[in-house]
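This report concerns only the one structure given below.
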Amino acid sequence: MANISISNLDAVFFYAFALLAVGGAIFTITRRSAVHSAVSLIVSLLGVAGLYLLQRAEFLFAVQIVLYVGGIMLLFLFVIMLVNLDEAARQRQFNGQWWIALACLLGVAAEAFLLMRRGASSLPWSHPASVDAATTKTGNTEQIADILFSEYLLPFEVVSLLLLVAVIGSVFMARKRAE
Amino acid sequence: MITTTHYVVVSAALFLIGAMGVLTRRNIVIILMSIELILNAVNINLIAFSRYYGDVKGQIFAIFVIAIAVAEAAVGLGILIALFRNKGTVLADEVDLLKW
Amino acid sequence: MISLVLFTPLFATILLLFIPASRTAWIRAWANAGGIAGFLASLLLLQRFDRNAPGFQLVEKYEWIPSLGVKYFVGIDGISLLLVLLTTLIGAIAILSSWNAIESRVKEYYTILLVLQTGMIGVFVSLDFFLFFVFWEVVLVPMYFLISIWGGPRKLYAAIKFFLYTLTGSVLMLLGGLVLYFQYYKQFGFYTFDITELMKLQLTPGMEQWVFWLFFLGFAVKVPMFPFHTWLPDAHVEAPTAGSVILASVMLKMGTYGFIRFSLPLLPKASATPVIVQIMAVLSIIAILYGALVSLMQKDWKKLVAYSSVSHLGFCTLGIFALNQPGIAGSVLQQINHGISTGMLFLIVGVMYERRHTREIAEYGGLAAVMPNYAVVFAFAMFSSAGLPLLNGFIGEFTILQGAYAVNPVWAALAVLGIVLGAAYLLWLYQRTMLGDVTNPLNAGLRDLSVREWVTFLPLIAWALWIGLYPKPFFAILEQPVTAIVQRVHP
Amino acid sequence: MVELIPLFPLMGALLMLLFGRRLPKTGVNIVCVGAVLASFAVSLPTAAQGPQERILFEWLPLAHADWAYAIDPLSSLMILIVTGISSVIHVYSIGYMADDRGYYRFFGYLNLFVFFMLLLVMANNLALLFVGWEGVGLCSYLLIGFYFKRQPAGFAGMKAFVVNRVGDAAFLLGMLVVLAGAGSVRFADLSQVPAGLAPLAALLLFIGATGKSAQFPLHVWLPDAMEGPTPVSALIHAATMVTAGVYLVARTNVLFTASPEVLAIVAIVGAFTAILAASIALVQNDIKRVLAYSTVSQLGFMFMALGVGAYWVAIFHLFTHAFFKALLFLGAGSVIHGTGGEQDMRKMGGLRKAMPVTHAAMLVGALAISGIPGLAGFFSKDEILSHVYHSPHGSTAIYSVGLATALMTAFYMWRLMTMTFYREGSYAVHPHESPRVMTAPLVILAIGSALAGYPHENFRAWLAPVFPSEAAAHPAPGTEWILMGLALAAALLGILLSRFEIKGQLASVLRHNWYVDEAYNSVFVEGLAKGGGAMLGRFDARVVDGGVNGAGWLARMLSQISIFWDTWVVDGLVRFVSFTVGVLSYPARILQSGRVQTYALYFVFGALLMLGVYVTR
Amino acid sequence: MNQWYTAKDHFALLPALMLALFGCAVLLFDFLASREQRHRKWLLVLTLAALVFTGASLFRQQTWLASQGAAELTAFQGSLVIDRLALFFNWIFLIAAAIVAVVSYRFLLTSGEPMGEYYGLLLFAQAGMFFLATGVDLIIVAVGLELMAVSFYILVGFSRGEKRSNEAAIKYLLLGAFSSGFLLYGFSLLYGLSGSTKFADIASAVTDRGVFDPIVFAALAASAVGMLFKISAVPFHMWAPDAYEGAPTPVTAYLSVASKAAAFALLIRLLLGPFGSARALWEPILIVAAVASLTLGNLAAISQSNVKRLLAYSSISHAGYMLLGLVAGNERGIQGIAVYVLVYTFMTLGAFLMVGAMERHGVAAEDIDDFAGLMHRHPGYALWMLVFLVSLAGIPPTAGFLGKYYIFLALIETGHYVLAVIATLYVAVALYYYFRIVRSMFLSDTAGGAPLLSGPGLRLAIGLSGVLTLVIGLYPEPFLQFVRFTGGGQ
């Protein structure tokens, strides 16, 4: 019984977070004001973070909150302030092709649905994860650290390079020209 | 019963919404946000599968995806500022000097 | 030995590049020296050639691209020998004929002519399909420039049309070659383009026919055979004199040579398939009659000669697809003949164009009175082209007809009509330009042939007479290779 | 020895054409006339030596044709005729052409002609004969167009060459048939041609002969050929070249004998041509044209003889005709020369007194051609008519045609004589007799015309080895006399009738040469050149021979269609392709709108397609 | 060194290490040294030194492979593989980078943009490419791709003062990020169906799932979007003309050559690795993309008057040809892609450098008309350009022919006759537009025009590209040996 209730609880949380994520996303792309969009995006990202938590990815949850919500979104808001979007907010928000885009994406969605339905049966994804052994033994964070700094040392180093490039690039781009 | 498939569906929905944003919003800032949505969709997938397989590679992958998202957002916003400085616009369909 | 002949013009080109562009006289002199040196070198081939030896002679074979099985493999048999001689002679003459005609961009001009010559010789001596193809394509670019820089009013159109037609045909031909290449690998376990090796292939008839048609597209465009001929009048008309001469005399022969060297020996079954033979013959005959009829209606001197080429080349292809000794030998000889006669006709047009800068037939008339020597040379070329006995054209046409008759008398009967029409359009042209009164005052004071112009004509006249009077050496040279081909096609 | 005969004139010709410009006239005379005379001198002993063959070199290996001369009774006879008549005419030309700028050129061509003609009659195979055949055609072209500044001369030369080419095409095909049948083109191997192929070969060769010998329907070039200088008309278009067809048929008699149906065609064509040309000659006013049609008519006689298998008779008539027709032409030339270039007989008259020698010589010629007994023409013509009547291949119908032609011949000759010499006339220029260098040849030929008929029995014997023996039974002497009488009566009647002028519709038709000439002209020359639809329409109504017309129309249309096809279909397709490619280039570029989101949309669209293909599978 | 970073790993990583370290050195030097003319040239020297050291590392790896007789060297627990294919592509990146580095110097001096960032990004981009060519792990590949892409976003927009450059950069970035989204989504599905990020594991998982599996297909489709975007295949090509046109010309050259080559390396690895057993799935996609690229690239180029755009469209069609090599998919096809990449590198670099030479500060001289009469003004340049264009058109004896030839060869060998015919027919179409430039250079008599922006570096670079274009065409044997990826220890 407890199991069921836990899984029910799981479901409740799942739907709540999913709703948050998807709803936030929809708001993000429909809001007129960029600030509103950004706030909606934060909501959506928080929903996603919640989903991470449900999947026992505590470290990712933290990263999501700190890095994304705290870092990236700050950047966005900063830029929004910088480029002063009042002007843009008064104009048409959607371009002329939105209905074609919608049709196409619905088509893709339908196709993806069909594909998934055909494929999912052959994948055991439809069952909940059977084993949580690996994750329960030690903490999620330690595990990640272990593997990240051993097996995935190389991509980690490369990503540092990537971030270096991003920093140089964004600074270079945003900087006024010397002349 | 919440299965991996549920997560995949949420992920797909997020992906499509993000794509819709990319395709239809005129404001480049919002397009960049939509791209963040797409990358989050990827991450939901990765986490779900990671859970399903019971290993953390998926989560590690997701960390890298976040890093990628950060890099893209940062550079994108940088370029946007440069563009705004020169053209005074952040609307995607006004970026049309180069065509045909 | 062959490499010497092949690269003499190229070598001359390289040295030419070091002469400053302003020294036009030096450039002209050096280019002429290069042309003549090329011709003299080719005479060495004649001396070394053993007409009784079977197969290819004076072969040189070096690895070139071993990973593809491509070799630098050159050699000649009688057929190539004659065509190489034609090429070097016509090349030298074309260079000489340009002495006054080309005033602008002299250095580029001669560079192009010399490079072109290497390319054309290369086509005729390559025994490796890949090498052959490379030379085949190498020829295109210089010709493009020749037409498009020094050509007439519609030069750009004509040049690109020429290029596109030929290129399209040739890449399809390349595909045909690749099919053979892989089939050879399947059967023998190694890759090669060596045509002496490729002849060992045993293909299914269907496969052979596919390859045949691919080859056909490449060669037929170049010849040009009937439905693919429309690039020719444009290119000929717009090209400068030397370009027309080279185009008509040598370059069209690349197509017929391709049939003889590749289609027949490599695809004997397909080539001897009755349906294909019929189609080829019908296309040839259409070309013969059609070219002649269209020539009749032309108002442009050069276009008339160009269309006459279509007709003459129809004879050549008809001879080839008679698939017998007289047919093929006659065809090769006729190729030489066409090179000589039509070359002369184009030179003749060029002489006049140099003086009057128009090719409208209506602009002329009564020139024989003003330029008697010119009239004589023109008459000679005309009769040579019309197939008057004792001149070269007759020998080729008669031998081809002999071959064609042996296969199907109707072909011969239809082709003979082409000879009748040939006389008609040429004589009418002569009538309109040379005879009668001088109606146009602009023509009254024209210079007769200069010594240099005479020198361009004399070798061709001599050769035409030689073939007409005593063709035996030519037939003797052709006997071995033609027999070999005939035996392959009809074992 | 033998090879010298053609060599002399060849050398003469080459000397003239290469260096003649720098030679004085005397030099030209010595070289050219000397060459022909030398040739004649060598011919005599050669003819006496009897049959021989001389191979110089292998010429066409694949056709097994050598450059080789064969002397047999027929060719030795022809050599004599050619060199003999040529000599006379060369001498005549010295006077006739004296004032011409192209003196050396003229003699060069003439010598060249003699060379080719000799090659034609001496060749031992069809291919080499064809060389001579074409060579004489070439010389004919050059000489007809000798006055090339005159537009009609050029056209006439061209017409001659092109019409001949039609015949030559058939000749070539005939040669191919022989080559395929016998495996060689040597005359000696002609008998090897299988019986099935022989008629075809014979027919094709005959068509070739009709071209060169101006037989219907290819006779049209000869009257126009009169644009050339008169000695040329005499030599080429009367005495020698035009008889080449007769020689060809005689030379290849093996084939003809083997195919009676072709022989019948030969006879019918000959007879038809004879009467057709004679009828046209009745109303011509140009003195040379009368003679030209006369030549055509006489050649028709020869073919008539060939057609009934009387080969030697044809050659005999060829022989006598050479004398009197050369004579008549030279005489006409003398008249033209004497009257300052006048050729229209209506403007002539009364020349008998002014030009006595010419008149006398022409009188002999006219009597000879008319068939007055005692002169050459009588013998040969009578022989022909008699053979036509008696031969198993002959028929009364053909005989009657021949008889009618004989009547017409007498008519037009006497009309010519009357208009030129007898009736009164007045001239702007004072007419004068020609110099001796011209009259001497006339006299020689007149003597020939008078006497050439007598050795006809020797002729038969001389040529007997060459031709098959005639199957005809010897006719009763009475019939022979009656026939002779009929012929004589026809000749006399013709002479009597010649006082009357033919008038009305018939005259008009005749004057227009039955319109055949014009029809061809419009069809092959005008039609192709100008495409004059109106003119074509006019002739459409009148011309009997719709087929010819149709052919011309067809050629013109084909030519137009070819061009149409070229510009619109073949090239059009290419243009269409390039046009399409060019046009498609713009939509391809318009896809590139410059809007980044449109680009992104294509991504999605691509993905949609990719998935769609898979999903719908 | 623990087990996670062994000597072997170090050896394998050496080239990337060099690039990264020198890249940082360049940045540091730029940061520390004052921005004076005389210091600037040291940046170029440092960059070239980086390339020399990278080249030395590559050479060491190559000789090691040869000496060991080994086909490959795997490192980082099977995340990196150094094999002949990887080495080949790295050499291409290296050559392209070297040439671009040399010619960029002049551009940077005249435009006044900071040199340190530029050269640093150049090296970092190449480091990213290294991982694309060597990586056999999804994460490595994803990060490497992003490293390259982000560097390029910035490089494309490097002329910050120019609107066209800004626009090109933002477009490239938006589309690039969007396509990365697809690619990563595809990667996530790949992980989902295999539970691993290693190509080898994924390959076996895909094989287990059978031929027509929907999930495999979904993963394939998503990642195909990302990869076809990078090689600018239709319909994911739209960024290329705009980005090529807007970017500074040296960057365009680098972008069109190196980035495309890197993407092909990835495409080969991915399609023949993880998706190797799903050939039936991707072959039709590639065929359609290839034919569409050929068609659209060639057609659109016909009516272009801007040479950079024209070359961009032509590079789309070249991508089509290279894709056909993958369609053939056999050893010769892969070799064909490599040969094509090799010759494409030189001829495209050469052509873009020529456009660069035409360019003068402040004056865009990219129109076909700007080439008018070049033969009169600068015959040497005109002739080299002729070589490049003839080669791009694929006419022997230039290198371009060899590339196309290999593709035809592979198509015929695998029986794709129709594709072979289509591919050959487009040669003629392509000729048409390349020769519009030729026509302009050689046939217009327009005299005048400003002098070319020619420096020793540019001349050297153009000459080198030209000579190699000719040499590869005339004597390709050593180069063909170089791209022989399989068969013994060689």
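By written order: A, B, C, D and E. Residues from 1 in each chain.
One rule holds in what follows: a contact is a pair of C-beta atoms (placed from the backbone, for glycine too) under 8 Å apart; a residue touches a chain by one contact, two chains touch by 3 or more.
Keep in mind that this is a model prediction, so the values were computed, not measured.
Undergrad: Chain with the smallest distance from its CA centroid to the overall CA centroid?
TA: Chain C is the most central one.
Undergrad: Sort the other chains by how far their Cα centres are from that of subunit A and give me the top one.
TA: Centre of mass proxy via C-alpha means gives D as farthest from subunit A.
Undergrad: Comparing centres built from CA atoms, which chain ends up most distant from subunit E?
TA: Looking at centroid distances, D is the chain farthest away.
Undergrad: Counting C-beta pairs in contact, which chain pair ranks first?
TA: Top-ranked chain pair by contacting C-beta pairs: A-B.
Undergrad: In angstrom, rounded to a whole number, how far apart do the mean CA points of subunit A and subunit E lie?
TA: 32
Undergrad: Would you mind pulling out the distance in Å between where the CA atoms of subunit A average out and where those of subunit D do?
TA: 102
Undergrad: When the centre of a chain is set as the mean of its C-alpha atoms, what distance in Å lies between subunit D and subunit E?
TA: Roughly 77 Å separates the two chain centres.
Undergrad: Which whole number of Å gives the spacing of the CA centres of subunit C and subunit E?
TA: Comparing mean C-alpha positions, subunit E is 43 Å from subunit C.
Undergrad: Two-or-more-chain contact residues of subunit C, please, as numbers and ranges.
TA: If we look for residues of subunit C contacting two or more partner chains, we find 164.
Undergrad: Show the residues in subunit B shared as contacts by 2 or more other chains, in ascending order.
TA: Each of 8, 18-19, 22-24, 31-32, 43, 48, 52-53, 55, 57, 60, 64, 67-68, 71-72, 75, 78-80, 82, 92-93, 95-100 in subunit B touches at least two other chains.
Undergrad: In subunit D, which residues are in touch with two or more of the other chains?
TA: Each of 578, 589, 592, 594-598, 600-601, 604-605, 607, 611, 614 in subunit D touches at least two other chains.
Undergrad: Chain pairs that touch, all of them, please.
TA: According to the stated criterion, the contacting chain pairs are A-B, A-D, A-E, B-D, B-E, C-D, C-E, D-E.
Undergrad: In their shared complex, at which residues does subunit D touch subunit C?
TA: 57-63, 127, 130-131, 133-135, 138, 141, 145, 148-151, 153-155, 157-158, 161-162, 165-166, 168-170, 172-173, 176-177, 179-180, 524, 528-529, 555, 558-560, 562-563, 566, 570-571, 574, 578
Undergrad: Going by the contact rule set out above, which residues of subunit A touch subunit D in the complex?
TA: 95, 97, 100-101, 104-105, 107-108, 111-112, 114-115
Undergrad: Which residues of subunit D touch subunit B in their complex?
TA: 589-590, 592-597, 600-601, 604
Undergrad: Would you mind writing out the residues of subunit E in touch with subunit C in their complex?
TA: Going through subunit E, the ones touching subunit C are 375, 390, 395-397, 401, 405, 408-409, 412-413, 417, 420-421, 424-425, 427-428, 431-432, 435, 439, 442-443, 475-477, 480-481, 484.
Undergrad: Looking at the complex, which residues from subunit E come into contact with subunit A?
TA: Listed in rising order, the residues are 3-5, 9, 13, 20, 23-24, 27, 76-77, 79-80, 112, 114, 117, 120-121, 124, 127-128, 131, 137, 139-140, 143-144, 146-147, 150-151, 153-154, 157, 160-161, 169, 192-193, 209, 213-215, 217-218.
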